[in-house]
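Two complexes, one shared chain (subunit A), two partners (subunit B, subunit C).
Up next is the complex of A and B:
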């Protein structure tokens, strides 16, 4: 029935191959339908709404008005979102990789860092945002402990540099990088590292020529996930950011919940721009991953 | 390592000589750097949770004071008055439902993909992982209009979108689990006369149980911590714990309530994580980041 036998089917008896195929298809179907509906449907309907093909009332007509209506805000939001996502991704990867290296050394300090970073994993981002606010706002715990008056304390929450937002993302996502990279380092890298040590490589050289290259694929994958997440995440920027300028998700939210009829297509246009940037980020990540020597 | 050297030929390390050898060189500086880095990292990961703990038992904590000026459980009382308990229940039900749906679906898909029984496997796994690459609010904004017109109840729509968001995690986790899974055990049981159901319950599921637990935990987290989907699709009708946290955190002067709600949003997944840690130990192959036994830290002869 199906012309191409898959790698698993070859090893089995021929008559079973096509039946296995149907079983296989039936097994992936429910998951595939749900993911496909949400991804393809979500992107497709966002595009359709943004170009005026699914109006809430009135006739459907192709138009790019939704993209032009908030042109300036869209551009500022894009720049801001890119800056926040880039800063959070870079910082998370640096801190997370450092934590992973400390964790895989397997001493008591490593176990402490492993336990505390694992503690961070189940904290929802919204809760993270609330607690970062309680920590570094001008009446937060740190200015209290340091005895700095609110007027002298920099505007970290709601300030011009989005420090609290980037810090929250970095806090949560560095734990994620540490978890993923430490998993890889513990299983694969230890032996190479040992061999290099026995061959006389210094610590710095082992770090630079063995540990970091072997951790690279995992770091790239987590960096892409973090970048896409921070680019499209709403609640942290909404809670810890300032009212203007708005990052893309916050802008989309405001437009989506606004009462004017034209604002739904405009929100969809912001969503489409965000999706495009995410897809480009994923493509760049895949290209980088293919260039690492470990890629299979 | 150096245990290969026969006893007679062993040399007592001489300080002048060991200084030139990579493994035996004493490194006080390296140790100091490591301890300092580890302490900074520990502080980094733990510090943001400290104000939550203190605020949750503070009735009043006016500004310059380093510790609360009045201790007490007013935050907890107000949170309970404001419907924290039913919101907590709704969050648990939602997260469990997401886990209950996404885990078996992910496991089924992962098994078929690992066994190579799926046509166009790269495309299929690409679509299954795609929700990771798509910002949640995009999917929601696109689909709300469709789901509304199809008259899908809000709670069901939230569930559908969250299951899609959880699928990448369950599929990936289960692919890792099935990659390490040996089909020969199942075939052996079949040869010995076990029925298909018997093999499933007694051989297959027990073998992949740690993977299933990990996948279910991740799916639970997706449902438990979601804010965007519940707010946009539920439109305020489905009040979960994150929604309460969001509405109080956006206001001013609710710090104690926010802290209590936040802690109650951390504790259930944390307990699950601890349970998972204990459960996962039965599965030696994929244990997380434990100290590797072959690395003796002291480099002793």
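Up next is the complex of A and C:
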């Protein structure tokens, strides 16, 4: 005869579940502590510094002077950073999604695209930025190979449209999108694609009605990651952009390294604004994600 | 919605495979007929279905729908719809939009497509489920929606790839009834793959039995059970009685005695194995005489296995039991089923009545 749970079984199960939960929490506590210290501590320190509560010299006093000291540059930088991040995110998602669809077709072209994407991921952005500069600057490899004079070559590096910066981000991040989305699609898209085909959907209709909707959550998550990264990344914009106007992270870094000690709170203010925009972007992304039927 | 389908020497050899997955399979399905492709795992039945659908490209042979070869036609242009073992409902669409999918992708306005889909949801007895997300459905409901979605595409041939095998027996039985109701209403041509011979018997008009990529027999369900063309067919259909012997002048002579062919039956002369369904064997009191059309064999109960409300008996032929110990693997045995309440114990003598009309002889 099988043992049957007695009336006390539920009562006994409850403390055990509670104990398991505490064990689980204790197991992740070290990781939570480190992440919490960095995120909360870093943001808290920046906020405190930006409002004058942690001055390098003088008395601590609450003030918003740091936010107002570079008001114009802060606004221009914010607009520029948003434009660079938006352009890079949109282009990366479009190209990455296309690449992911090609990868999941399972043909030799797909394998080539997957290999290229995988090779792109480990290259650091700094190396990527240097390479893009060497390739498409007016004195770069491409105009030389094509025999175009520097004066006839458009200002891609350091130009008014920040083309090289967006290009570098797009190159790296589209590979990221491709692999993330392909990973999601590979596990589910083939059978749904067959089902849709047997219901009379052409290749284009299948793409529009099945593949893209199935890829949507992965694309949204990737887009949020890319947007936040490109908004806060310093080195690519610094290397390939023009000296003025400065995107937020370049402005923050310059102020942070300034010999004027009073610039520290201003650098912190720029960092806080950047963080705030990033958090808003994450919130919008999560709201979009929750609205997708697949998330439910 | 009902087209005829013919397969003419369909062959499929996968890359790097030593033998064909499907080897020159030919059969035809009449409009409105339901054919079950039955076979064990690896028999090539799903490959046949995928080839018909256009999901696999055949290595040789032809697939004709209403007499026209569909070779080279993409799956979306063949006018087939398929229901798989998993329902594969599009997770980003509601129940109604799933059923309306075929009309939507055909360019029909959304309102019309949904109105059309509503009828098919009613057909599968899920009226009112339209606005629900597919995640809110049970396994059986999901498969009903998948069926409605396939039917809403108005396929010329409806393909079912073991669609009910993941459901529990009660749900499966409901789905069989539903399929029968759908067939009565819209009479689609159906080709269904299954490894369950009971399901094939319930659902299909005819069965194509496959083994190792080869078609063993294409026949009505009843004939597959009672008139198998080979020992393989008899075994795959669950036959348990095989009596080797020799046919002389239309009479099978073996350890169980002489069994004459039933009227209208002709058996090939020479060595042959007599096969008969164990369900046809009657077990009566010992030394009973055979009524007209039956052959009586004196037996002793060698084994008794409970099968729920029935009991399965292994019956050793009495003469032979004297020579060979009960349970000897070499001795031909009869198998019969009796109600569990019948007190036939091991060692008890009885008479097995074999109806001549249920016997057939196949090559050994």
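Operating definition for what follows: the second predicted complex is superposed on the first by the 276 of 296 C-alpha atoms of A that agree within 3 Å, B and C clash if a C-alpha of one lies under 4 Å from a C-alpha of the other, contacts with A are read in each partner's own complex, and residues count from 1 in each chain.
In the analysis below, contacts are C-beta pairs under 8 Å (C-beta built on N, C-alpha and C of every residue); 3 or more make two chains touch, one makes a residue touch a chain.
This structure is a prediction, so every number in the text was calculated from the model and none was measured.
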Quiz item: Looking at subunit A, which partner touches more of its residues: subunit C or subunit B?
Solution: B
Quiz item: Who does A:114 touch here: subunit B (first), subunit C (second), both, or neither?
Solution: first
Exercise. Name the contact category of A:105: first (subunit B only), second (subunit C only), both, or neither.
Key: first
Exercise. Go through the superposed model and pick first if A:145 touches only subunit B, second if only subunit C, both, or neither.
Key: first
Quiz item: Does the superposition put A:293 against subunit B (first), subunit C (second), both, or neither?
Solution: second
Exercise. Give one of first, second, both or neither to describe whether A:213 is in contact with subunit B, with subunit C, with both, or with none.
Key: second
Quiz item: For A:195, is the partner it touches subunit B (first), subunit C (second), both, or none of the two (neither)?
Solution: second
Quiz item: After lining up the shared chain so the two structures overlap, which partner does A:280 touch, if you call subunit B first and subunit C second: first, second, both or neither?
Solution: neither
Exercise. State which residues of subunit A lie in both footprints, the one left by subunit B and the one left by subunit C.
Key: 191, 194, 197-198, 200-202
Practice problem: Show which residues of subunit C lie in contact with subunit A when the two form their complex. | Solution: 53-55, 74-77, 79-82, 84, 86, 88, 90-94, 101-102, 104-106, 133, 135, 149-150, 153, 159
Quiz item: Which positions of subunit A touch subunit B when the two form their complex?
Solution: 2, 4, 6-9, 20-21, 23-25, 27-28, 30-32, 34-46, 49, 54, 56, 95, 98-99, 102-107, 109-114, 116-135, 139-141, 144-145, 147, 150, 168, 171, 174-175, 179, 182-183, 185-187, 190-191, 194, 197-198, 200-203, 224-225, 228-229, 231-235, 238-239, 249, 252-253, 256, 264, 267-268, 271-272, 274-275, 278-279, 282
Practice problem: Would you tell me which residues of subunit A are touching subunit C in their complex? | Solution: 191-192, 194-202, 205-206, 209-210, 213-214, 216, 292-294, 296
Quiz item: If you look only at subunit B, which of its residues touch subunit A in the complex?
Solution: 1, 21-23, 27, 30, 34-35, 37-39, 41-42, 44-52, 54-55, 63-66, 105-106, 108-109, 111-113, 115-119, 121, 124, 127-128, 130-143, 145-146, 160-161, 163-165, 167-168, 171, 221, 224-225, 227-228, 232, 242, 245-246, 249-250, 255, 258-259, 262, 265-266, 269-270, 272-273, 286, 288-292, 294-295, 297
